[in-house]
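Two complexes are shown next, each including subunit A; its partner changes from subunit B in the first to subunit C in the second.
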Partner chain A sequence: MALPKIEFKQVAFTYQPNTPFAVKALDHINLEIPENSYTAIVGHTGSGKSTIIQLLDGLLLPTSGSIRVDENVISATSSNAQLGRIRSQIGIVFQFPEAQLFEETVLKDIAFGPQNFGKSEEEAFALAREAMQLVGLDADLAERSPFELSGGQMRRVAIAGVLAMKPSILILDEPTAGLDPRGQRETMQLFERLHVDQHVTVILVTHQMEDAAQYADQIAVMNGGQLVKVAEPAQIFANPQWLKDNHLTVPKTTQMAHELERGGFTFNPYPLTLEQLAVQIKRQLESRTQ
Partner chain B sequence: MHKMITVQDAVYSYSDDEHLVLKNITFDVERGEWVSIVGHNGSGKSTMAKAIDGLLKLTSGAIEIDGTALAEDTVWKIREKIGFVFQNPDNQFVGATVADDVAFGLENRHVSHDEMVAKVDEALHLVHMEAFADREPAGLSGGQKQRVALAGVIAMRPEIVILDEATSMLDPEGRQEIMQLMRELKQTYDFTVLTITHDIDETAFADRILLIDDGELVAAGTPEQVLTNGTDLVDRGLELPYAERLLNQLNLLHIDVPQQYMTNDQVVKWLCQKLNSSK
Partner chain C sequence: MFSKVLFGRFVPTNSLIHRLDPRAKLVLSLYFIVIIFMANSWQTYAWLAAFTLGVILSTKVPLKFFWDGIRPLVWIILFTVILQIFFSSGGHVYWAWGILSVTQFGLVNGVYIFCRFLLIICMSTVLTLTTQPLMIADAVEALLKPLAKLKVPVYELALMLSIALRFVPTLMDESQKIMNAQRARGVNFGTGSLIKRVRSLIPILIPLFISAFNRAEDLATAMEARGYSGGEGRSKYRLLHWHRADTVACVVMLGVTLILFELRYLA
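== the complex of A and B ==
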């Protein structure tokens, strides 16, 4: 079997170690992320999700343990050159990424990343135009100021800026926060397309359990700096009480299925989407009438 | 009935633009009513809220608050009646500590020190944040920050509270907390509440919903009237409530579903009855 794309081995991280203010943010995490997988990392505020993102981008170094990304390893003693090699293949869409737009035109803003990693202006602009197309931005917008665009369009410009660097790993930190339902749906479908068509390995950090249930093939649950469970969505969402104990919101479909079970329905496997729930309800209603 | 907010033919466009952000919007809100204005990003709903608080001036049309016409010479008087909570709490923090921040509005109104301390304590107690009085606002979670913002508003005893996408930056837990809290506070103080949102779940406590799309008021009524297929919520960039979506899906699978609007609990009850009656 091929080696996983990313491997966390006994990773621990403590803020302000060896001081009275020491806070253990990650406690000996072991996690494998296979190539071309879609992994959701969930957990409530302060569970350690953001620390994982910052470690993957080399913004923080682990206090102990190591993270391997392909053949490169991040540990407490990694050099900047080593971190640079890893950064060039990881794209991160931070929360509210449109806050980081700064260039005078959309095209220049998107081309900034590739230029920063050594592409010529011509190459960077070509990559930027390609990225605009990927995120569904009209080519006419290339010469406009990003600040004249709507909130949803600005978010697309910011995402295009990440995609223009052609990352093989895409990390998404609450990518749909603040968008209306249509914007949320379109954004999640865009990432799904990249995952399927371009074989990008996706790591989604989110509070939206519906998105984790619908898109991820594995879900890692964090609580208090520890990785408490890694499993397929159907396993994670089968037990509403366990979700509550780990400060996770229960997806609406899970909640509905759970309430229906109290009234005589049975669900196996537990439905993850509205469509799956409806099919199982229909089957049970019809088997009773026959 | 006492009209708290009256909006008549509101029209708004940015000065150098012919595009109308608000197109002849007319509605009113009774005292003690909870009204939600819903619409997609860029629909004009926040512009409407800001116009009501006099934060921007309508191109044409009129707004009355509690019987007083909103104008340059009345705007300060009117703002005393309105507490406004914005989307991003970081944009409205001014105090070095949580308590200082809540006191800021009172200080501006020259409230005496003793009265101020009492009002700040009370407001922090109401939003369940008294333990954080001496903390720095920057170190709080998003949900805690919005509680502090709400405390700052409550301390002023407004008659109208406007929440302009006040929960959109919070996680689902924080979002529910704020809405529950708002409901408790409304019961205590009988505010008139106006919430601006694109999250249909947030309209759960509303008496009435106004649906705005591209600057036009396209539907107004009770949740039962607005949150149904008839108003094209999905085409307008929003989403139907979960129960309605499930009924639609069952309908697609050729199951006869009731035509009237149902809440989650009602759907569960209806389905379980259907299952057990067919035994």
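== the complex of A and C ==
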């Protein structure tokens, strides 16, 4: 089997070490993320989720342990050049990414990333136009100021700015926070398309268990700076008490299934999407009437 | 980035000094800075240094942590001192080159200035280390109150000060977030030529200003929505109380001054 794309080895991170403010954010993290996978990282606020993604991009360096991304390794002593190579492969959509916009025009802002990673102006603009199309922004918005746009459009510009870098790994930190339900659905479907069509490895940090259940093929559960469990969604959501102990909610479909179990239904595997739930209910109802 | 610098940060160790009235601490720190300029010999500096060390120890902040926190500032002082040494004249000349010279007076002055700056920084660090920023703002307001009779908008000034202080951590957080986003998009801060470094600040400053203005507007709306209409007749949530310990602190400071003058005229 090929090496996993990303590998955390005994990673620990302490904020402001050796001071009275020292806070241990992560401890003994061992995590493998295979190529082309869709991993969701879930956990309570303060469980260390956002520290993990900052470590993965070399924005923070681990206090001990190492992280391998392809052939590059991030450790406490990594050089800027190494980190640069890693950053050119990873795109991060931060929480409320529209806060990163600063250029005079939409096109220039989207082309900012590619230009920083060594693309010429023409190449970068071409990538930017491509990314605009990908996120569903009208081509005639290219010369507008990003600050004249609506909130939803600004979010798209910011996401396009990340996608224009053509990352092979895409990290999403609560990418749908503050969007209306339709915007949420469209955004998540956009990332799903990238994952399926362009084989982008996706890491989704989220509070929305529905999204984790629907899109991810593995879920990593964090609690108090520790990685508690890494498993397939169906396994993670099978035990409601365990989820409660780890401060997690249950996706609505799974919750429904748990309720139905009390009424004599059985589910195996646990349904994660509305469709799976409907199919299983239908099957069981049919076998009852027969 | 600035995580090491201690100046301006509050460390809740709940010592005796922490519990003093912020008005007392503010006035006494300013007073101490004034009397530092009364020191004129090594005995007087030694006395003030010993007192400062005692105060630092009584804050219960680990000494090494305190020192690590002011060390970055010491380099700035050393730079000033070196200029002072090279450009002042008088007394025995040890070394000269063009307009630069190292003289006896220059050296002595340099050492004194170093001590002075160091003591000032230590004492002001103790103030901010042991007093929450909002308490300092309250103290400023209380101390400026008499000026209200001269139609100085004391309440508005204090409100501006406390809002400014309140938003320092928020804006620090915000700038850290924006920096992370731009670094993830390939900006490399702190490398390349000076022009390149300055240019790399634009992608931080513009989003930071925009978010600061948005925040200001939100705050104004939120205050108006809750019926804010200026300081007229407003009661205070945090009240300052003068305790016996505060009086004792003032007396101690008076004692320090007396001994200082004693040493000054003895020498």
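Simple rule for what comes next: the second predicted complex is superposed on the first by the 290 of 290 C-alpha atoms of A that agree within 3 Å, B and C clash if a C-alpha of one lies under 4 Å from a C-alpha of the other, contacts with A are read in each partner's own complex, and residues count from 1 in each chain.
Here is the rule we go by: a contact is a pair of C-beta atoms (placed from the backbone, for glycine too) under 8 Å apart; a residue touches a chain by one contact, two chains touch by 3 or more.
Note that the structure is predicted; figures quoted are calculated from it, not measured.
**Q** Would you sort A:Gly152 into first (subunit B), second (subunit C), both or neither based on which partner it touches?
**A** A:Gly152 contacts subunit B only, not subunit C.
**Q** Taking the superposition as given, does A:Arg182 touch the first partner, subunit B, the second, subunit C, both, or neither?
**A** A:Arg182 contacts subunit B only, not subunit C.
**Q** Which holds for A:Gln284: it touches subunit B only (first), subunit C only (second), both, or neither?
**A** After superposing on A, A:Gln284 lies in contact with subunit B but is clear of subunit C.
**Q** A:Glu259 in the overlay: touching subunit B, subunit C, both, or neither? Say first, second, both or neither.
**A** Only subunit B is touched by A:Glu259; subunit C is not.
**Q** With the two complexes superposed on chain A, say which partner A:Ser79 touches: subunit B (first), subunit C (second), both, or neither.
**A** neither
**Q** Please determine whether it is subunit B or subunit C that touches the greater number of subunit A residues.
**A** The partner making contact with more of subunit A's residues is B.
**Q** Regarding the shared-chain residue A:Gln16, is it in contact with subunit B (first), subunit C (second), both, or neither?
**A** Only subunit C is touched by A:Gln16; subunit B is not.
**Q** Applying the document's definition of touch, where does A:Ala99 land relative to subunit B and subunit C: first, second, both, or neither?
**A** The second partner, subunit C, only.
**Q** Which subunit A residues contact subunit B in one complex and subunit C in the other?
**A** Common interface on subunit A, subunit B vs subunit C: nothing in common.
**Q** Where on subunit A is subunit B touching in the complex?
**A** So the residues of subunit A touching subunit B come out as 44-46, 150-152, 177-183, 207-209, 247, 249, 252, 255-256, 259-260, 263-265, 274-275, 277-279, 281-282, 284-285, 288-289.
**Q** Taking the complex as given, what residues does subunit B use to touch subunit A?
**A** Per the touch definition, subunit B meets subunit A at residues 40-42, 87, 141-143, 165, 168-169, 171-174, 198-200, 237-239, 242, 245-246, 249-250, 252-253, 255, 264, 267-269, 271-272, 274-276, 278-279.
**Q** Quick one: which bits of subunit C touch subunit A in the complex? Just the residue numbers, please.
**A** Residue positions touching the partner: 3, 11, 13, 61-62, 65, 68, 174, 177-178, 180-188, 191, 202-203, 206-207, 210-211.
**Q** Give the list of subunit A residues in touch with subunit C in this complex.
**A** Residues 16, 19-21, 54, 57, 59, 80, 84, 87-88, 90-92, 94, 97, 99-102, 112-113, 115-117, 147, 161-162, 165.
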